[in-house]
Each structure stands twice: as C-alpha cells, then as structure tokens.
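Both of the next two complexes hold chain A, though its partner changes from chain B to chain C.
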Partner chain A sequence: MSSLGWRQFVKFRLLLTEAILALMAVGVGILMGGVLVWIVGEDPVKAILIIFEGAFGTAYDLGMVLYFATILIATGLSVAIPSQTGNFNIGAEGQTLMGALAAGVVGAYGPANLPHGTCLTLAILAALLASGLWGAIAAAIRSYRGGHEVIASIMLNFIAAGVSGWLVVTYFQAPDSQNPETITVPEVFQLHRFDSFDGAPATMAIFIALAFAFCFWLVLERMRPGFVMKAVKQSPEAAIVAGYSPNKAMFWSFTIGSAMCGLAGAVMVLGESWRFRLEISDGFGFLGIPVALLGRSRPLGVVLSAFLFASLHHGSSLLDIESTKIGRDLAQVIEAIVVLSVVSMVPLLRFMTGKFSTRDR
Partner chain B sequence: MNEQNPPLIEFRSVRKLFGSFVANDELNLKIHQGEIHAIIGENGAGKTTAMKLLFGLEEPTSGQILYKGEPRPWFGPRDAASAGIGMVHQHFMLSGFHTALENVILGREHASLNREGPLKRKFLSGFLQIDRVKIRDELDRVACKVGFNIPWDCSVENLPVGLQQQLEIVKLLYSGVDVMIFDEPTAVLTPQETSHFLQMLKDLKNDGKTIVIITHKLQEVKEVADVVTVLHHGKSVVTRPAKELSIQAMADLMVGRPVKLGELPRLPQKVSENLIEITDLTVVSPGRPNLLSNLNLTVSAGQIVGIAGVEGSGQMELWSFICGPKDYLNKKKLLSGSFKLFGKEALGLRRSDVREISVGIAPRDRLKEAVLIESSLIENDILGHDHEFACGAFPSNQWLDRGKARKQILSRLDGFHIVPCDPDARIDALSGGNQQKFVMSRELTRKPKLFLCAEPTRGVDVGSIELIHGEILKRRDSGSGMLLISSQIEELMALSDKIYVLFSGRIAAVIDRHNFTEGLIGHAMGGGNS
Partner chain C sequence: MTELMPLLEIILAILRNASPLVIAATAALFCERSGIIQISLEGLMLFGAFAGAAAANYYGIGVLGLVAAIGVGFVLGCIYGVLVIQLKVDQIIAGTVINMLAWGGIPVINKALFDSSASTPALGLEERFSSLLPISIAIFTVGFTYYLIHDTSYGLRLTVAGEKPEALQAVGVNPLYVRWSAVVVSGVLAALGGATLSICLASNYTRNMTAGRGFMALAALILGKWRPLPTFFACILFGACEVLQMKMQGSQLPGGVTIPSQLVQIVPYVLTLLLLIGFVGASRAPSKLGKPF
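The block that comes next holds the complex of A and B.
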C-alpha cells in the first residue's frame, strides 16, 4: 500500500477501534443496567424503551436533550482540554457555579439598554472569565506550586459553593424570594428558546458549544499550541529541551478548559432558570467527567458522548412516572458502569492499537 | 574454550519470529563452563532477544536451547535464577527509594527467612523480622571478595551509576548464580570504572563463573573475552576465540561490510568568528558548592569543542545554561559572568529563543529528552522545530504546516539510512541506534550554526557510530560550531579540535588537538592541573 494510503488506514483503524470500544462500554453499561432492572423485577426491555421514549418521545423531550447536551459538551470539554497536558480537572462543578453566578449577576445588574446580542455576549464572556479564573487557581497551584490538581480543584468545589452562597445572600439576594437566589434577568439577557420544542430551553447556545468543540479540534490537530500540549503530556523533559514550557502549557490548558464551564453556567442561568440559584449546577459539572472519559477526550467524542449522556439523563426521568420499581437513579447506575467499562478498557485499547503502531522487539 | 567438553548452554538453530519480523534465525551458540563469552552485534541484531530466549521470557519459534545437554528446564527469570543463571540488565532494575541493602533483600525476603520452620515461614512470612545484620555481613563478605565497597545504607538514587552497577553485581553474586549475563555493562561507566569492571570480570572467571557479555565496545571484547560470537541480522555469523579476531575484523562482521574505524578525514580548521563566548561564568546553587566557577569558554565556527570530565563535574550545568540562559537569571543561580551567542549578548534568551536562532540540540538522554516515544517520526521531526512549520494569519504563526514537514522528512530519513524509512512509524518501532540517528538527522540536516550535542553515540553500534561521527564532521567542515559533551574519551579525541576538561565546576585544562593524549586528559579529569 502506498505510504499515504497506509497512513490513513492506520489512523482510521485507530479511530475505529476507539469508537468500537466506546460503544462496547456503553453496551456493557446498558446490559448490566438491564440485569439490575431484571433483579428488581422489572422488564429490562421495557425500561430501555421508556428511557428512549423519555428522551425522544416528544418535541419537548428532544429540546430538553439538546439543552442538557449543550451543558454537557461544555463541562465535558472542561475535563477534556486539561487532560491534553495530563491534568485531571475534577472541579467543573465549582467552575460552573462561578460561571453561572457571573452570568446571573451581569444579567441582573448589567446594562439592559444595549442590543440583545451585545448583552448576551457580555454575560457569556463574564461567565467564561469567572469560570476560567476559578479554574486558574487550581491551575496555578498545579503548575507553579507543584500541588496536585485533583486535590486543588475538588477543594475549590466546596469553596465555590460557600463563596457563591455568601455573595448571593450578602450582595445579590432577590428581595422577593425566601431562597438564596438573584433577581430574574431582563429579557434582553435571556437566550431565546427555539420555537419548535414546545418551550424546552433549547437555545442557540448549542451552536456555541459545538463551535468550542470545533476550536478545540483545530487547536489540537492543526495548531502549534496543540502540538506543545501533546509534547508536554508525553514527556515534560523532552518538551523543555524543545523549548516549550510545560508549566505554561499546563496552566493555560487547565484555565481555558475551566473557562468552558462558564458556557454551561451561562446556559443554565440565561437559558433555563433566568436567575442564579445555589443548587443550579446540580451535578452537571461532575457529569462532565464521564462525558470526557467516554469521548476519550477527543472533540468529536466529547460531543457524541454528551448527547448520549443527555439522552440518558433526560430519558430516565420518565422512569419515575412509568415504573414503580425503578427510577431515574438507573441512569446514574448506567453512567457509572459505562465509566468503569471505559476505564478498564484502556489496556484492551492499547493491545488492539499497539499492533498498528509499534513493533515488539 | 575446550571443544571436547559438552557446552553448558547451547542454542541449536534457534529461530524466533515476532509476527513476520525475524528477530533470530539460524542462531547457534555454545557457551562453555568457565569462559567469558562476548556476544557482539549491531543494535537490532537480536542479542537481547537471544538472552530473553535463554531466560525463558520468550519461547523460540523453532530450534532448541540446551542447558547441560538437556532442553532448557526453566520457564522464566525466577526459575533461571534458581538454576544458577542471572543477568545484569542494561537499565538497572533497582528501586531508587530503597537503600542498597533493601534492594538486595527486595524480592528475596523469603530466602532470608529460610532458617525459620516451614509452618512459620508459610503463615507468618509477612510478619517475621528480616535479619538485616546477618544479611549485611554476608553481603560484605561477597562484596569484599570482588573488591567492592558499597554504602549499604545509602538510598540508591543517590548512588553514582558505577556503584549502582556494583550493587547489581553483588545482588547476583549473593543469589549464588554461576552464569552471569551482562547487557551493555560499560555503557554508563567512566574509563576508570570500566577498567575496574573488566578486571572484576576476569576475577569472577577465575572463581569459576561463566560470563556472557553483550556489548558493542570491541576494545573491551578484545581485552577480556575468551570467545566471541558475532550476530548479524539475528543470525550467528561466527564463533571464534577472541584472540583470533582483530577489532577491525569484528567490526566488519558485525556490520556486514568493511567499516572505517578510528580517525575520519577532516579539513584543517579555519580561524573564524566566535559563536559562543563565555567569560567568568559562575553559577551557584544554595547549599551546594559552586556548580560552575569562573568558567571561560569559546566555541568558534568550524570548530568542535569537546567537554571532558567525570560525571557531575559541571558538564550538564554548562549544557543547560547554554540551552536556556534566562532560566538561570530567573532562578537567581547566576552569580556573575557574561555570555554571548553569535556575538550578541545572550543572557536574556529563553530556551525557545535559543532554538529559533539556529542552534541544534541533541540531548544526552535520548528516550526522555530527545523524542516523544509514543509519537510518529513526523511528529518527532517537528518537536523543537515547530517554528519552522509555523504559518497562518490569525492567530499569526500559530498554525502548523504538517504537509511541509512531511515533504522534508523523507530526505532526512534517507540521508541517515534510518530504518524503517516511514514518517508515520512510531519512534519506538526503531532500534536505539536508529533513534539516535533520527535525532542527529533532525538536528544536523537543518544546518545549525551551532550544534550542542551530548553523548552522540551512547548505546549505538559501530556502523551507526561511523555514520554519526561522519555527519558531525561534515557539519563542522561546512562551518558549524559544535559543543560536544561525552563520557567517552576516545570519542572526544576522535572528534574535537579542542578539549576543555572540567573538574568540580571549573576548567582544569584546555588541550588542543595536537596535544591530545588519553593520559593528559585523564589526569586533568582527576583534578590535576596541567
């Protein structure tokens, strides 16, 4: 085979193998979820059909899936981007919270006399900035102090919960509410919902999320910073000799990754609830981790797995209504099993792809 | 040695395939009791695979391996050890966190408990105290016999490589093996340590041990080996008593064609502008003696400047200073001195700046510092040179032109005879020698004005050494200046126009080419002034 053909063949085989393994992980998750359903005494096929119907049954459901997918693409990217330099961002929850707060505050108190597009841009940029800055704390601890990013970012989750609560109650409390929340943002700061989804909060933000994923792909595959990130991940020593700065690369990949959470926060506030509430992020930050893991931290992978998890998440809510024995917890169990399958498939992947890339001597 | 006795170990027409790749073929080998048997061959000639077969780490595809006339009775390293065969690997199998003593005990805890009753041993082995005092006594006795003095309580990461190797050897001796296999034992040793080591091999032989040494340093083979087996492309080409083969003959057999050894032709040096000018450089580090003190050094165009010195004399400090002077300003390690690159003040340059002004860098640790081991050749060709392939308007010059890289790489791979010549092969599919040739091709074919190069031929076979040395001299002749750091005096003497000998951070001697002698350099390396 010509060298060009061979190259594409190898690359294609590699991608195909990864895709097959991801699908296998999902299959294992669904299968084992089904076994659990059967043990509980419910019909597994029926349960799956219910989830399917819950996710795609009506236009409203489709809209909800789109909404959740938007959020999960963002939080998934916030995990996938830092992992390009070998860092694990487990602080998406806190970063999302800070982004949501920033969007809520700018929306509530920002200049409402500007055009709609400008207002939205302002609010979203503020959210990206807030999330990025929050992530930058963990990034700095990692890059310039040598602390562990997992510890740093998970602690910052707790701090974010506390700080945002205090900020809301002290400075931004809505006077008409008993709960700690901000006032409703004016319409000029609200993301318009698409008409065709019966009022579900599906907005053009999905295109922003997809654009971010595309930019991530561009940087990774076509640009110099992406090359530097790969070098840093594989060998910091070699990166240093090559004239790159591993600390800088780690800092910026972590910070920019965290900033992605700002989009998730902004979508929650400007697209759905129109105000910042304390419990707004509701575990979607953490859900970004399985999204990135299943998507193997690749741009397209993250997008696809975000849609899968969004469908599962929304579809399973119908179980609460349709079944007495099982509920939406099933979705979480399946998610967890999928993650475990992905993690345990790494050696399998190395075995399957190793044949095409290395020669054993 | 004595043909009438049956061999201790025998390979009969052994063939080993990995997929379609032939690692060994028609391999015949007879190792007799009490001899020093050298196995030589280029990288990728199948030496390591042969030893894996002997150990039972791999099974031969066809053919037989006999031990004392019987088919090999063991199935792995542990079995092999109890059968009396042990190996010192090229990369030491030591745990850096543990002390020397603990490294000997590691994995042998059970053996040290043998005096306990069987029941107790079976059920309480995890709880019983290991008798360190007794083990240490025994170890001291073993070490004393071969003339080693190992600080048993020092953690291994703080031991110099020479001592680490001694530790590996004592480990083997302590486990009571009779056949000792050494894989590239002198790759990391200084000349003095090497001659010690070779003497020790002879002593071990006199004690009745059988020794197999895998190497491509032919001088050493000539010095200690009784019998030589040459491998070429996985086949045993010839087995002969060492005294019947000249070094030239061994080299030719290894490479499979006549090789030129020794002095390569070079043009007379022209006097031209200085590329590196270091004056009165002093670098400090808190809590340690000066890393570099009052160092003066110049490298001019068309000149190879060698840096000699025992390990830790300041070579690597000098190296990383030149690679990235700004780091030293930032970390406040620079006490005084000036540094000019290409005639311009260079103290403020970052590592990336140095890279971009036509300085080629080939670092010492190939696997760790020079390549991305999980990436393809083409990615590795871009590594450190991405500024050459920069393109795009927005954001300006942040895009990478991989197509351009692809166009350039083939001529590079071709020119250095790198196998496989495939830009998409992962670099770990290349043998060590080919990887090193790749690193050299990446830096040298870009025609750097200045080339910084450390250990250019570490772990590389004769054929590749010839090529690498030839290319280095070619660059010199066409006007590049070079700084060459090497632990091998012969290499420095073969290539350099001028040698600076470092001793504890200062320059102990500057020697011009016409004055080179091993004695003079060795004397200065030990701290003597000249």
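The block that comes next holds the complex of A and C.
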C-alpha cells in the first residue's frame, strides 16, 4: 500500500472514531432525557414516539424541520468556522438579529421594482454583511486588542438586542402594529415556499445553506486558507514562521463565520415571518453551539447535526399538546446533555480506563 | 427631611437592584481569580432562584428556600468542578451547558412540581424576606471578600492559582484544591444571589427571571478588573442604569428630550465592550484564566 493510501486509512479511522463518539453522545442525550421523562412520571417511549411524530408526522412537519435545519446549518457554521482558528463564537444570537434586521429593512424599503432573484440576492447579501460586520467587532477585539472574544460576543448579543429594538421603534416601526416590528416585505422579497409541504416555510434557502457548507469543506480541505487556519490553531508560531499572520486568520475566520448568521436571519425574515420582529432569533443562535460541537465543527457533521437538532426542536413542540407532564423544554435538556457528552466522553473514558486514547478535541 | 425622602428611596432602589448583581459578580470573582472562567452565572442564578422559591413554597418556610438555593449551588459548583478541573473540559462549553440545563431543565421540573412551566406559586408574606436582606448579604459578601483577597493567605493563594499555579505547587499547596474551593464557593454564592431575586425581591420564580443578570454580573467583574471594590461599584452603576431605565419608561426630560430606554439598558454592555477595546483603561485578566492545570 502506498503512503497516501495509509494516510487515508488513518484519516478514515479518525473520522469513524469521531462519528461513533458523536452517535454515542446522541444516545446518552436521549437516554438521560428518557430518565428525566420517567422521573416526572411520563412514559419515555411514548415521549420519543411523540417527538418522532411531531417531526416527521405530516408533510407540514417535514417542511418545518427543513426550515429549522436551514437556520441551524447557518448558525452551526457560524460557530464551526471560527473554531477552526481556535475561537469560540458565542455571539450568533446577536449576529442573527442584526442580519434579520438588515434583511427586514432592505425588504421593506428596498427597490421593489427589480426582478425577484435580484431582490432576494440584495436582501440576503445585506443580511450577510450586517451579521459579518457585527461579528467583526468581536473579531477585531480578539485579534488586534487581545480581548476575549467570548466576553465581547456576549456583550454584543445584548447590545444587538438593544440597538435593533431602538432602531426599529425609532425608524422602522410598522404603523399598524403595537409591537416593535417592521412593515411586511413585498412579495418580490419573499422566499417562495416549496409546494409539497402544506405551506411550511421550507424554501430554496436550504440549498444556499448547503452550498455554504460545501464551500466551507472546499476551503478547509482543498484550499490554502483552510491550511492556514489549521496551522494557526495547531501552532501559531509555526504559522508565523511560514509567513502567515495568525491575527489575520483569526479575524477573517471569525468575521466570515459570523456572516453565516446573516443567512439564518434572512431566512427567518424573508422565508417565515416576512417582517423583522424583536424576538425573532429566539435562541437559534445559541443552538448553533450544540450543532457545531456535535458536528465536530466539520462541514458534513454540521449539516447532519443541524438536521438532527431541527427534528428534535420541532418534534418536541408536539409534547406540549400530547403530554400533560412534559413540554417542549425537554429538547433543550437533551441538547445540553448531548453537548456535555460530546466534550466529556473522551476525557471521562480516559479517566476511567487510564489508557483509552484518541486525538484531543 | 421630607425633601430627602425621594433621594433615599432612589438610593434604596439602586441598592436593591444591584444586590443580586453584587452577589453574583463576587461569586464569579472567586472563580475567575483562581483561573477558571465563570460564564454559567446566569444558569446558577436561575437554578438558585427556582430552588429557593420552590423550597420556600413547598415547606412554607423562607429560610429553607435560602438553604435549598445554597445546596443546589453547592451541587452545581461540584459538577462544574468535576468537568473543568478533573476532566479539563473546555470551560466555556461547560459553562454554556449549565446555562442550557437551566433554560431547559427548570421549566421541566417546574411543570412536574407545580403543574406550570412558567412560574412557581406566589409565596406568602411570612415566607419572604424584605429587600434589606439581599442588600446586607451583598455588602457583607463584598466586605468579607475584600478582606479575604487582600489580607489572608487564602486570598493570596487564590490569586496565585490564577497567575502562576506552579508557584503554589512549589510551596506545597495543591493549586487544584484552591481552584476547587473557588468553584464551589462561586456556585453557592451565585445560586444565593439568584434566590434573593425570587424570595426577597419578588414573590415567586418566573420563567427566565434573571433576564441576563448573570451576564451583567460578569460584565461588572470585567469592568471592575477582577477586584472586589471596583466590581461592587460597577454593579451599583449597572443597578442605577436599571432604575433609571424603569423611571424613564415613557417620560420626557425637561426640554422635550427623550432618552430611549433601550439604549440605557445596554449601557453596562457598551461600557464593558469599550473596556475590552481599550478605551477605559487596560483590564488584565488573571494570566492563567481558562487554562487547566
């Protein structure tokens, strides 16, 4: 066997190990969720069946899962891309909000006499730009001022909520509404819903999200910036010697990652509500963290775990109706336990056996 | 005397709003000075607020609410300690997990215990405490922490554990023990701070009642540069912002100028961000913050 074949074999084994660990984490999450369900006095098997029915029961539900998956691929990528240079983007919530606001404002006040495709491109680009710029603040603080990107992103989440609320109320308030929200965007700015999902907001945006994930793979595995990112994460000193700037790599990976949230915001506004509302992001930014962690920050992993969490998220909403003892909040507990299992399983196994070894996360 | 009353009232209101922040920020101070990032304050406060209100309601005795909050804080502090000190899990992720558990888990337990996922039943007057209790806890906590940090060997060890843990080991003190103590104290204090919200400043637990106060306390700690007294004053400033924002709702300043309440609300976060950028003087974190030993 040639040396190339050997290397691919090692890489395949590594991927297999990671996939098995991810599946085990999901298993632990469902198991512990089941225990919680059992403790509060509901039948765990029934709860799981309800979640399945809620996620895949009707064409409408499938459409909702597709819609949530679109959003979660975007916010998952926004966490996964900065993590390639060792940065943690906890600011997806604020970045999504700013992207949604940009999409809503461009949709409501932009040129409505252009073709449908042009309008959508404009609005989505505006959203990507707004999210990217918002993330660039934290990125600059991290790369050029040496501040902590996590703290900066948390602050920016709250600032985004305040600033977008103020902007909407002061400049873009819909006159016919009591709530802080913009006017409805004209039809030319609305993403067309697929016909086969009973009116669920599943749109072609899922293909944009998948295309972004594919580009991420392409850059990461086949192009120089991907190599630079890996070099910066593994050894900043080596990257400097090789002529790369770690600060620049960190800045751009964080900024481009944040820009992914723009797609999430745009999909919420142009695909679902057709207007910007203050509470529109509703935790989807935070959900990007479990998506990226379970997907091991790899493109295919992010896509798969986005679909998994989208099914869990939408499926568990049926619990509110079908069960008297447990509600949709169960989903978040399962998510938390999955994340916990992902990050603690390897150290735990190593701790218990003393000899189990695999590559560090 | 009579014209002084409104002023006194405002000062009391500020102290009342600031005291949960002060307690939580001091909780984070212990943790972060010892070199461990504490981003789970929000979750710890929520757990404390819920456990306090639930226990006080269940047993009908207010003190048991405080005891329950302390117990829950202790357990969560131990869980966090196992994760980040023993297993060396990424501290940001471990903290996020505790927050997620609070956001998702508390409504589930709430529904199981009280048949509603949004709030606990209201407490009677005799099961609650006056707002003077959180204020005194806050002031005592800050005073004692100041003494601990500046005048005792424990305070010195705490600081060294966050700056140069090898040095501690060289003099025969296990830095892991110091960090363990800090993490547990942090869990207890943060949960206690949360409990003051539900059984002293309100009459029940309501869904997500901390409303970002955990993160605001973290901001105060950074603005206070990881020192007890400046952190205390940052909390007072944030409390004043909150009072100002409540007083201003819908009212105009003389001259017809309105200050948008949304912008007053974000003052704490903007200040912290400016500090991070480097406009409000340098802020230096403990040098081994976030690095497992």
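Descriptive notes on the structure:
Convention: the second predicted complex is superposed on the first by the 341 of 361 C-alpha atoms of A that agree within 3 Å, B and C clash if a C-alpha of one lies under 4 Å from a C-alpha of the other, contacts with A are read in each partner's own complex, and residues count from 1 in each chain.
Keep this in mind: contacts are C-beta pairs under 8 Å (C-beta built on N, C-alpha and C of every residue); 3 or more make two chains touch, one makes a residue touch a chain.
Keep in mind that this is a model prediction, so the values were computed, not measured.
In the superposition on chain A, no contact is made by A:M24 with either chain B or chain C. Shared-chain residue A:V150: touches chain C; no touch with chain B.
Looking at the shared chain after the overlay, A:V343 reaches chain C, while chain B stays out of its contact range.
Note on chain A: of its two partners chain C and chain B, the one contacting more of its residues is C. Contact with chain B, but none with chain C, is seen for A:S235 once the two complexes are overlaid on the shared chain.
In the superposed model, A:G162 makes contact with chain C only, not with chain B.
In the superposition on chain A, A:L300 makes contact with neither chain B nor chain C.
Residue overlap on chain A between its contacts with chain B in one complex and with chain C in the other: 361. Against chain A, the residues of chain C that register as touching in their complex are 37, 39, 83, 86-90, 92-94, 96-97, 100-101, 103-105, 107-109, 111-112, 117, 212, 215, 218-219, 222, 260, 262-263, 265-266, 269-270, 272-273, 276-278, 285.
Touching chain A in their complex are the following residues of chain B: 18-19, 21, 23, 44, 48-49, 323-324, 350-356, 361, 363, 365, 368-375, 379, 382-384, 386, 390, 392, 397-400, 422-424, 426, 428-429, 431. Across the complex, chain B is touched by residues 3, 6-7, 10, 222-228, 230-231, 234-235, 237-238, 240-245, 357-361 of chain A.
Those residues of chain A that touch chain C in the shared complex are 36, 39-41, 88, 90, 137, 141, 145, 147-148, 150-152, 154-156, 158-159, 161-163, 165-166, 169-170, 283, 286, 289-290, 293, 325-327, 329-333, 335-336, 339-340, 343-344, 347-348, 351, 361.
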